[in-house]
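Going in written order, the chains are labelled A, B, C, D, E, F, G and H, and every chain counts its residues from 1.
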Amino acid sequence: MNKPYVRLDKNDAAVLLVDHQAGLLSLVRDIEPDRFKNNVLALADLAKYFQLPTILTTSFEQGPNGPLVPELKEAFPDAPYIARPGQINAWDNEDFVAAIRATGKKQLIIAGVVTEVCVAFPALAALEEGYEVFVVTDASGTFNELTRHSAWDRMSAAGAQLMTWFGVACELHRDWRNDIEGLGTLFSNHIPDYRNLITSYNTLNSGK
Amino acid sequence: MNKPYVRLDKNDAAVLLVDHQAGLLSLVRDIEPDRFKNNVLALADLAKYFQLPTILTTSFEQGPNGPLVPELKEAFPDAPYIARPGQINAWDNEDFVAAIRATGKKQLIIAGVVTEVCVAFPALAALEEGYEVFVVTDASGTFNELTRHSAWDRMSAAGAQLMTWFGVACELHRDWRNDIEGLGTLFSNHIPDYRNLITSYNTLNSGK
Amino acid sequence: MNKPYVRLDKNDAAVLLVDHQAGLLSLVRDIEPDRFKNNVLALADLAKYFQLPTILTTSFEQGPNGPLVPELKEAFPDAPYIARPGQINAWDNEDFVAAIRATGKKQLIIAGVVTEVCVAFPALAALEEGYEVFVVTDASGTFNELTRHSAWDRMSAAGAQLMTWFGVACELHRDWRNDIEGLGTLFSNHIPDYRNLITSYNTLNSGK
Amino acid sequence: MNKPYVRLDKNDAAVLLVDHQAGLLSLVRDIEPDRFKNNVLALADLAKYFQLPTILTTSFEQGPNGPLVPELKEAFPDAPYIARPGQINAWDNEDFVAAIRATGKKQLIIAGVVTEVCVAFPALAALEEGYEVFVVTDASGTFNELTRHSAWDRMSAAGAQLMTWFGVACELHRDWRNDIEGLGTLFSNHIPDYRNLITSYNTLNSGK
Amino acid sequence: MNKPYVRLDKNDAAVLLVDHQAGLLSLVRDIEPDRFKNNVLALADLAKYFQLPTILTTSFEQGPNGPLVPELKEAFPDAPYIARPGQINAWDNEDFVAAIRATGKKQLIIAGVVTEVCVAFPALAALEEGYEVFVVTDASGTFNELTRHSAWDRMSAAGAQLMTWFGVACELHRDWRNDIEGLGTLFSNHIPDYRNLITSYNTLNSGK
Amino acid sequence: MNKPYVRLDKNDAAVLLVDHQAGLLSLVRDIEPDRFKNNVLALADLAKYFQLPTILTTSFEQGPNGPLVPELKEAFPDAPYIARPGQINAWDNEDFVAAIRATGKKQLIIAGVVTEVCVAFPALAALEEGYEVFVVTDASGTFNELTRHSAWDRMSAAGAQLMTWFGVACELHRDWRNDIEGLGTLFSNHIPDYRNLITSYNTLNSGK
Amino acid sequence: MNKPYVRLDKNDAAVLLVDHQAGLLSLVRDIEPDRFKNNVLALADLAKYFQLPTILTTSFEQGPNGPLVPELKEAFPDAPYIARPGQINAWDNEDFVAAIRATGKKQLIIAGVVTEVCVAFPALAALEEGYEVFVVTDASGTFNELTRHSAWDRMSAAGAQLMTWFGVACELHRDWRNDIEGLGTLFSNHIPDYRNLITSYNTLNSGK
Amino acid sequence: MNKPYVRLDKNDAAVLLVDHQAGLLSLVRDIEPDRFKNNVLALADLAKYFQLPTILTTSFEQGPNGPLVPELKEAFPDAPYIARPGQINAWDNEDFVAAIRATGKKQLIIAGVVTEVCVAFPALAALEEGYEVFVVTDASGTFNELTRHSAWDRMSAAGAQLMTWFGVACELHRDWRNDIEGLGTLFSNHIPDYRNLITSYNTLNSGK
């Protein structure tokens, strides 16, 4: 009766970044902007670090929603990039679903703006088709806590796993011995407290 | 074991507005008044925009609970309007249930004041009778966060989908190409941040 | 798969007030004292108003936990009163369970201090024995929000319904026509905003 | 040693609206958007209601800061409108100061975006020149509470009076008998709780 | 340069209760209703306990603002009661000021609804005329924290002392030996935590 | 369909303390440091009091994560202590799992830093292997509320019971008569409010 | 016009601990209990560390207010201890003032329960008599934030310096070279984050 | 009687960065780490942009306080760098004061960790010596809001101006025409919302 333990596997996971557009970001008010920017870039960095197939999609980027955040465009120059002509639920766009299928992965890591729509709609559709869905809650933003908790409740009840970028990175990595340097750098770049630990540690160590 | 993905369909959905009365609104303290007023009017506007059958009901409006908010009365001049003689759960009123049945819809979008009673009671009854229930959490208000979360927990556990008016509008619309102007106006009227995006966009565009 | 709609029935419900003791109340910090006192007294008043069999129990009242709050003792002079000699979970006390069985009711409305222990333990035990359990969340207090949410999660997952005293009163009453005066007085005494509505209404009406 | 009671006088007051531009508004995160929009429009409405000379100014409106919010432009079609070519402190712009001097008023009611810069800088400069300055705190927005409280502290210490639009309206009006209808409409349009009081009152009264 | 220590003296203090009306109370959202009701009644009780001359005033009580809260009317049946015909600042009403002068006191303890207007305006006027003003912050309510802090800043800068009802009671009483029973009862009736201390103490003591 | 009532049994429970390391603790920002330190030490004290087999594990303690908090090392000098060479999920470490199996217990009480990773990963793995898992939410810390609630949702959905150290102690103890002195001391040392109750009680009692 | 820089001098300072009694502590709800207990004990430790003359006083400790917290009694066995027979403002007690005068110090460091009364009243009186007053804000507790901020405003306006125990310790110590070990131990015992820094540092250093 | 308008002048200002050390940063809990890191780096960037003389100082950087944050060291390779041997108040260090005097500036912009000590102490000392002091509140961090507000109150009362890095940058720059590109880049790098405005603007503009 309990949800089984579905564990992220770096060989079977793809990342979907949905509608992180310059205009839409002004709608995000449930996470403070400095933190949200950091979370989104951390998720992008981990996708690259683990070499996960990543798919970008936008909604109406010629209009007021604005262009995809340039950092994401630069981070994934060769990723499938689906500028949807109008579908609100990215899953209603055939190219988007085809791009996902082409990865051959069955675990989907999803983040986007706004959580209740651009994340929840494709998450629910993917679950219905049998994918294992992992929502990156802290790289997904929305209007306020009311809409966030409504969206979380709907996705969780449908079987999605709620995680943050840090949990995703740790579950994908499994063992520090796979690469201490790489994961340490990822954390140092996106967790100020961790960076400080490393700075102090290195200083003391180099002084030996 | 997971809740299946029940997707709102504009051809199969009706809206129930329960007890948004001038007196009862003074009890709503879990959402700030400017925001709550906007959310309720946004829900009314989307019901009209998608031409969803809408049913109004009130509790004791001659007494201290006060009359239905005039804006709602004006928005739906021809809607069934059930002034309940005493039933607290609107579903206990035969006229109310008959009005719902008369719509022939099986998806019910519910909002009201207060969440734990006027929304939760009919939502639970409707679920029991097999309806698909969508609670508009941000157009439903109550005393404080304790009673909100108690009500959400009870409704979600019983199978209701928690959404906000924005998510409802997006799921009903499906594709911007169905009508960019209309949905854009709805959003512009009820989301100040979105209105600003459009203002800046139009100004720049018209300057070309 | 959803929790079914279990509706409170005034002919089949009993109230359990667990450990509202003068000393233990100083541990309650997740609800502000003025509000908490009001909620507990409102629950007592509704139990009397609906003539629900009510059972009082305390833990070690000769020690630092202190005596039962006098208002509750006075409200239910003839109620079974089980001063437990040591059992932390009231359900482990045979007299307590016997008193519940003696009521012949199968719906239990529970509140107490502290939520995670004095409420959750008997609630979980009662559910296991097939009772329908309604936790009055706002008449139950505990140390902080961490422990509250942990307790709510555990009880809700086990099948308890989370409600507040206002929702309980409304679900028990069903129809205002059963007694307008009585329920109105209950609300007026415990909801300042409601009292104000009535005051304004009566003043205007009497002026006609 | 105490700040003397400087009382707003509708015959001696002018309103300065500084940089309420569509782009800059996305920076405002210390007040929720629905509330902030309402506060700014309420201030505009009261300026018109009391026929106070009003001066509009913007910073770089051709660039990313975006155009003045259209509602303000429409509300004051004949007001002095100073699109500053670059001065951050509006008081550094000679046309702006000239427009203020032309009003002949010595009380300045100021609001703008963002509080710490666009409001505080001209407020401090105006105080230095001997004006009486009233900052409308709830029609002025900024990044977060840190910057708000820093700005309030600096302005208050320099002699500014901190008020909200409601206090400004009340101090200007002095006596309801000057015009019940007009002020009541202003409040009803911008204070949902007040509108509800009026709705209930009128319904009851008309029923006599 | 510092504000001198002006100490409340029960022989030289009067209480002004301004506009605690049933309708206006629905505007108060910076203090939770159960707490606010308790604070206002505690202030009334202390005024009676110390036999301070008390003056009641209301604004437009025939209209939507509603009647004075009945508990206050009953508490002070013989107090001067000035139903203002329109003046927003009670100090603009000659009867109100005359009633104050008639008390012969020079210390004024003020509370009311809403803080920024009904409290701050007469407080500022009284300071200007040389009265010593004590604002009872927790028996004065307003729309939200923005308006509260603006009002507090304005009053404090003008020389008002900000206190709560508990501080006022303690400063007036000076020494428990003047009357233990009386002050203890006042606290027990309005501070649940204190009542619990007394309950536990009495139980233990009586058991000796 | 409901989660059954799994009750902690002191004869069948073991405690897992995961990664409470001096460096990692600086990452914990969802619980205030004084409270968090107290909670962790309270959990350690209760493990000793109930003589529960306890297992300590750390991640990379030679590096920036830092050493295990000395208080824990001292509290359990003979406990299995697994310094993991790299596995992020402690359950991936064979020695750790072997140590758990060696206890012969089937109830696991888990706490650690950070909640989403060091607690959730082994909790999910243990559930999958049929253990009954009790997460001590207030002795587990993480970055912020977003990551906490994501982790709680994932663990609860998988069948874990969320509790705090106080609830764990009470459910293990069952009956005060088993040892009043011992449990009282535990509570007195870690709950300031409880200590105060005992202090007042003892003073009054000794005065008899 | 600005408050001058009055710097704490360990040769000219005394500490006043007012009414930290077991019963009264249950009234403190503006600071979480674990943190408050730590702050009070930290202040006691620093008073001893700097060998500052310290004066204890209590109000009615035979009654419900309860005895002085035992830790304070033990920390200062030889300190003047004034159990006031009834004066609410400790400064009204001649023995208390005499004890202060006997120290010959002109800087008074004050903390107590509750802030608005037991701290503010003697602080205001001491200022009036020309003492330099330093209020330890985090070792002083009260009912809620309303009463805290009212009390802070009154004391600050009268010339008191608001500090916390950490600032007091640093200003008294002046230079780490006076005693690294001692101050480091004080901080390590009362600032968990600082303790962790030292733990990590010592571990790394000892490894050299 | 009011504080006069002291306006920052880029030709007369120096920046003091006090104790932003890797270890001490773990003590900062009144500002979220992502935001705090951004604020500190923004202040560094603006100091460089306006070519303000900048002085770095640290406390015990060989010990647990840890080394200066590397980003600051790199940003100001040629700045005076005073590693204090023990003085807690940097102003007690002659080299530090000499370095300030050597700049010949009379306006000091100060930020540091922790606010109440490392910022407030030198700020108070500088004010006493006649400097104009500007505290950058959002690039200064401390334990919690209690200590922050105590420190702000003490500094403001002594004559310091509280500002944030954004206000400082704007007041120094005075007029966008001095350099649009440079200031725009500074804002774009440190204000995500502003960066988004620019991204959208440039995209639309380049499309012309």
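One rule holds for everything that comes next: a residue touches a chain if its C-beta (ideal position, glycine included) is under 8 Å from a C-beta of that chain, and two chains touch if they have at least 3 such contacts.
Computed from a prediction, not measured in an experiment: that's the story for all the values here.
Chain centres here are C-alpha means, and the one lying farthest from chain F is D. Set against one another, F-H and G-H show the most C-beta pairs in contact at G-H.
For the pair chain A and chain E, the distance between C-alpha centroids works out to 54 Å.
A separation of 48 Å divides the Cα centre of chain A from that of chain G. Rounded to whole angstrom, the centroid-to-centroid distance between chain B and chain E, based on C-alpha atoms, equals 41 Å.
Touching two or more other chains at once are residues 1, 3, 23, 26, 29, 32-33, 66, 191, 193, 196-197, 200-201 of chain F.
The chain pairs satisfying the stated touch condition come to A-B, A-D, A-F, A-G, A-H, B-C, B-D, B-E, B-H, C-D, C-E, C-F, C-G, D-E, D-H, E-F, E-G, F-G, F-H, G-H.
On the side of chain H, the complex with chain D involves touching residues 1-5, 7, 31, 137-138, 152, 156, 161-164, 166-167, 170-171, 173-178, 191, 193-194, 196-198, 200-201. Taken together, the chain F residues at the contact with chain H in this complex read 26, 29, 32-33, 144. Touching chain C in their complex are the following residues of chain E: 22-23, 25-26, 32-38, 62, 66-67, 69-70, 191-193, 195-197, 199-200, 203, 207. Across the interface of their complex, chain G is touched by residues 197, 200-201, 204-205, 208 of chain A.
If you check the complex, the residues on chain C that touch chain F are 1, 3, 23, 26-27, 29, 59-60, 63-66, 85-89, 92, 114, 116-117, 120-121, 124-125, 127-128, 143, 146-147, 149-151, 153-154, 157-159.
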